[in-house]
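Labels run A, B, C and D following the written order; every chain starts at residue 1.
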């Protein structure tokens, strides 16, 4: 059990700055998800936490112990790799035992702990099979058993669910969270899937270009994204963006572009006119109206996705950008039909297009 | 209907493939079961009229009495054939073992680890793959004369290693590159590089290593150019060199065929039983 | 232990061995190529600069045999590719109780080059060959001789392919097995014919193996000596006297070491140039796709 | 068998005479006495091995001979065969001062080895004069270089004995009276045979070995009365309108007319002999001793009893192909050198019983001719030859062919012999396959000889 602290961590591969000036604190027993597109440095960060990669500079602290120069084993971490990598030539049992090979435990202790771990994740009946004979989900569970049998200071999971089908992923997601909470062990989980991140993480660290874009609870990240990148990366259906400028109309700061103008929420009351901003609205907050009016956007229906309890309307804005709106399940519209949408200004976010940062209220 | 036509085509192509594979061997190896007169017959006979095994006795120095009462004399080359068989086995086994011991870690390092000078070192290996034996024949000979290695098994083993090591390294690098990234898992489990390599990588790569060993064995078992120059006429003569005694001057096609048959048995045996491992070899680029 | 240290630990002893055992003869050959060496009446050497290299280029036989080498190599590659592919397709479709035939089809690979030479010499000669035996069944008194000046190189290449194709076939088979069977279902839905299936589904994953084997067979064929030595002795006459054979005659039989060494460097350059050329114009592209 | 009995009686006779005569000498009398009479004790004394190397011919016989020496005379002779390009490999061994004491060699190689100071002539042996006196003059002359006899007799043969399949020849409507007398007649006979429907009347001596096509050219132009190079000065002597040119003209003609299957140009000797043995051809220049194998039903069922030869009718056939046992001059203790001489004497001359046993055995087993009069003029030789040829009455004719066979001293008793031979082989192949002109080949051959003379400073 440990609190993990990354201090000014850097990793450079040749010319490429894979991780830059990363400061991160992971509380004891916390499940932190590192989220980001491929190449953002999340796996590199995890490999440095694990001790698989030496950082170029900076330090890593577990609890009160500086572990920067320690080997993975000394750090007592357990790791589950992409596609739940296992030793292909060993049985499930032997794979799990390998985690305890250097523990110095007696044979009977080892076998007891293997059985316990296997039972915990419900693979006790598979112990004598080879990895090649297991299904993807079973392999993932064996890999998990292999991780927990160590009773490690922390779990590191590197996209373990990426290769599995959606239904199985959902099951395993909750199993992992449940397990982590039961064991109360710190866990770092790397993924590029924002749904996985939202559903699992105590906190989510969104990474981009080797740096931490934003860190916070799933709610924080979802409701108060601090950058356009986070706003766009998190949430389903994805965020709507409108590019335009801020002008003062009737003494009120107003968002203006070629086809729409929105009065900004009161919170932006003091905002001076400026050019190059992006307005963001979650599809859930879009309302479809039939008549054009103040604060509406003209749309042309492109497609409707039925989700059962609700539907997602996808439409083209006049500038060609796609706009999504969550609508009631019974909503009907023809492709090509003209519609209008509006939203409550208090649900909109405002970002500087150039810096991509949130515009201060 | 379509399925049936396919089956017929398939059967036909299997037959053609078998003929293609076996006829060239059959055509000469059948000489081992014929008398010299039968071999010399013109037009050539397609099947041995009176198959017998005299030649197999002869090449080991024993006379053999045919059913007709004719006595076929043992060959004077027998001693060299037996010596050659023994020496070839020694050389091939030693070379296989050394090559495997050396090449497996070497190609693993090239395939999986990143380090400086890697490309330069790899190029050096490739250069030695490209060296034609004929070019180095005389230089080697002169080197060996100075080192007193002419006519010794040691000398032949050393020279054969210079052939097997580069080419087997080259083949194995691709194989190792395709293994899953298991080293990280092993590091999490706390294993050293050496332990990981010996206890995890090697067992995982068993097929590839087996194929590498087979290739090394075949190369050394089949080596002829150097043997012809370095060990012919010595106690260290190998089977190909001893066998070539039947090749040039005095016609002994039946003895040639019999000793060729015997020389083919070990590699056939190996190829026959290990071929399924070759299927597990999947190439990737060693210089990538 | 860092990667470099571990790498050095395993590579340095091997490299030392290779450097001593390969570089010495190579260096010696380089030295000799600038000298005229005489053993007769006592060993003596004389510095002749680039004379040997010039003499090789001015020698018509060198160019003729270089051309033969290239012809033999190109044909060996083509034959091996076609036959290897054919065998691989057959190997793939061998099912159930016929799988053991795979073990038969691999056998030619186990035959040594000099053994292959012996086999194909008896097989192809008009005197003892299978062609003559076959047509004699129909009462013909003609002979069918494949060791004839105009086709001997092709015949040699065919024998070389016989020897090498099974290995290629097995590697191709290995690559074929990585093709998802869904792709064949896709092809069936698209209702494309067998040839198109072969072209668009079977072939693409094999391209990298083809590239690697093109390199291997090119190098092996350019280096090939014992096979040609036992099959045709460079003959009939000079018709199959490829570079290696020419080299053998100059260096080994005539003991013109300087000339031979210079020629072997041309051969080495040829081998390296061809392999690097293959890599840059083909291999890099395949490696990216692989 | 018969001969052996004769030997036994002769030995018994000698021993009994000695026993009756000198009682005092009885203690030392025994087989060794004959050796002593030869001027040397043949038993090995140094305890060191002697390395004996040869090409692969009836190695079973050689092996048995060596074993007898090792058993009877305390020898440690190590025998093995060397295969492949024999003269080149041997030259390399000699240059390298490798473990090699006694070896087979053709006279041309022997000259080169002697020129390189790698071998020790027979003259260095204590019984040299006796050995020389036992040889035919012409052979001794052929095997001598700068006044030294280079080696002991292994075999002598007429390579180019014109073997003829009498059955096929007669079937084509010809008889002994039609036997060609010389090369031009032989070639015109080929056309006649073809007219009779024979597709392959002639197997030319054009195979790929170092003693193949080039030797074929050498003997043919010599048979026609030509000289390639002066026997003393080694100056080139070929002319376009002389025998050399005529030979090439005829070669070109029969090659273009398809008398020589192309594959012959890739044959090794084994394939060459087997091709004739198959009965497919009518006439072919072969080794004189192969008459025995061709007429042996066990080895040559197709032609046994039918193979005759063209007699001497004013023009010789073939050339003297022979081989010697040479002794190397490598660094070794004197005691070992003494053993080498003893073994060479035993093996290449007379054994402890005073018999030229090895040479006699070669005669008996393989009809190999010897340089020693004692062997050739024995009953054994006559009986063997008579039993080996299709018609025993041809014995005299065969000896006549043999005794007229020339030896190409001009190109063989010179150190560049092997180099020229290799060059000639290549050039002749090119002549046929690339259709070079006769003039250019003759000119280039003369130039090559001149160049070699210059290279080795022979004037």
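Simple rule for what comes next: contacts are C-beta pairs under 8 Å (C-beta built on N, C-alpha and C of every residue); 3 or more make two chains touch, one makes a residue touch a chain.
Only a predicted model underlies this, so the values are computations on that prediction, with no experimental measurement involved.
Taking the definition of touch as given, a chain qualifies here only if it contacts subunit A and subunit D alike; those chains are B. Steps from subunit A to subunit B, taking the shortest chain of touch contacts, total 1. When every pair of chains is scored by its C-beta contact pairs, the maximum goes to B-C. Note: the chain lying farthest from subunit A is D, by mean C-alpha position. Centroids built from CA atoms put subunit D at 39 Å from subunit C. Chain centres here are Cα means. That of subunit A falls 54 Å from that of subunit C.
Chain geometry summary: the mean Cα position of subunit B and that of subunit D are 38 Å apart. Remark: subunit B and subunit C have CA centroids separated by 15 Å (rounded to whole angstrom). Shared interface positions of subunit C, i.e. residues touching 2 or more other chains, are given as 127-128, 141, 252. Across the assembly, subunit B contributes residues 39, 42, 142, 228-229, 244, 247, 253 that each touch 2 or more other chains.
Shared interface positions of subunit A, defined as residues touching 2 or more other chains, are absent. Every pair of chains meeting the touch criterion is listed here: A-B, B-C, B-D, C-D. Taken in their complex, subunit B has these residues touching subunit D: 35-42, 61, 70, 73-80, 141-142, 145, 150-151, 228-229, 232-235, 237, 241-242, 244-253.
The touching residues of subunit A, counted against subunit B in their complex, run 47, 50-52, 71-74, 77-79, 81, 85-89, 98-99, 101-102. Across the complex, subunit D is touched by residues 39-43, 61, 121, 125-128, 141-143, 145, 147-149, 152, 232-240, 249, 252-255 of subunit C.
Within the complex formed with subunit A, the subunit B residues making contact are 180-182, 184-191, 200, 203-204, 206. Residues 10, 13-14, 17-18, 20-25, 27-28, 31, 39, 42-46, 102, 105-106, 108-109, 113-116, 118, 121, 124-140, 142-143, 158-159, 161-162, 165-166, 174, 192-193, 218, 221-222, 224-225, 228-229, 240, 244, 247, 253, 256, 260, 263-264, 267-268, 270-273, 275-276, 278-285, 287-288 of subunit B are the ones touching subunit C in the complex.
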